[in-house]
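Worksheet: one structure, shown below.
Labels for the chains are A, B, C, D, E, F and G, by order of writing; each one numbers its residues from 1.
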């Protein structure tokens, strides 16, 4: 099974939870959102502008990205966890 | 009886509740919205832009889709449950 | 007395309350809005876009429609209850 | 004294309070807004679009209209109560 | 000292407080905003649209106007109270 | 050290606190925002419209201006207090 | 490891915490946001307008900037703290 994200959405495979503490809890942070890392698995065709044209997507499959903790929706595919989020919720590409 | 969704709305037949636990309750989730699956039954003609033109719809009848738990409105047709939601609330097509 | 809805508004005659229980109460629902049914009685000329042009209306008098429970304003005409709502708050046409 | 409403505003003379109960209280309603009736007394020149052009007004002096209970601002002219509201807060014309 | 309002702002000299009761308190009102009266003293050059052009102003110095109670910011000039508000917060011109 | 404000932002040197009472506290006000005075020290190049063009700025260095109490962000330069705010949060020029 | 910010985002290296008190706490402020300083490390290609064109970025790597305390998201790169924020959340360039 695979997913084709719609519009400006991106499918991301989150990195393993190395940010967790030994006890399995996330480290508290003062920041409202804690950026996290993952790899882009699939991207939508782009957002439709008001003329029905697609806007370009800033990421492609294989990109390692940083994103906000609350920016996406969790989905399970073949027993593994993925995230679906809008491309504008991705902060940066890791190079 | 059948429904013709208006504008950018989509009629979806949700999958059977295999995500329910044995006791019939939904599994708790940290995520604000739990994506769910269903099949597109009917689609509207598309959203009107400010020039009165229709924007294309990204799904078609027969597509299996992932959508957010709170993205639609429940409606009962001939005794069965359906959802009516805007196409932008559909996250991805399952292939 | 009759009403001519303004702009993108629609006048709807709700169906009789067959969704009520025997005791006269509405059945509780998990959904935030419970879609309801009615018949379109009159439609406005359409929403004005920023150029002063009218956008087309997706429903016409006689259409049976599904709409959200909280999408309109109740009005009494000659002793009967009607709803006035914007066309975008109508979900689908029943065929 | 008379008022010239600005932009897309409309001056309305509300109908006498025949919707009040004998005790002078308004009848409770489940609806969030209870539509009310009145007569259009004066209308503004229309809303300015972003090009500085006026959009047409959908009502004219003399029209009997239905509007929401919370859609306007009360103003007293020569001892009588009037309402000033935007034309988009008027639901329909009574014919 | 004089003030030149910026953009779509208007400088208004409120009328003397004849709406106050003898005890100096404002009369309670059911309406969310109580319209008030004043005279336009100075007007800005108009709001900039997205092309950098000015939109016309609907009032001019000397106009007597009705405005909402909470629509402006108080400012004291040479010991007298004035209001600075956006022209869209002015409801009507008194003629 | 000097600051070059970005976009539609303006750097303002607030006037000395003559509005303070003898005890050093601000006088209470019924108004939600109390306008204050200062002098424009530096202005940004202007807001970018959607075509990447700059919109004109309505103030220039040296202008004495009136602004809302909560409209800007405090910044300390070489031990003195300044405010950085958007030009639209400036109400008027004092002449 | 390095980061390439997306769209209108900027990567900033905050200045050392000289604004902290001896006890390591931030000084309380009446202002809703306390501007802070840092150096721009990397900038995105610019925001996409509705035609798919990039808008220019007002900062470049090496610029010393002032920004709001709550305007960005913290990210750790090779053990050091950085901020990712939209260019519009940067107030000014220090010269």
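Following the convention adopted for this analysis, contacts are C-beta pairs under 8 Å (C-beta built on N, C-alpha and C of every residue); 3 or more make two chains touch, one makes a residue touch a chain.
If you're wondering where the values come from, they're calculated on a predicted model, not measured in any experiment.
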Going by the contact rule set out at the top, which chains touch both chain E and chain G? F
Can you work out the whole-Å distance between the CA centroids of chain B and chain F? 49
Round to the nearest whole Å and give the separation of the Cα centres of chain C and chain E. 39
Chain D, residues touching no fewer than two other chains: 50
Following the ring of touching chains from chain A through chain B, in what sequence do all chains appear? A, B, C, D, E, F, G
Interface with chain C, chain D side, in the complex: residues 29, 31-35, 49-50, 53, 55-56, 58-59, 66, 68, 87-88, 90-95
Interface residues, chain B side, partner chain C - complex: 1-7, 9, 11, 44-45, 48, 50-52, 70, 73-75, 84
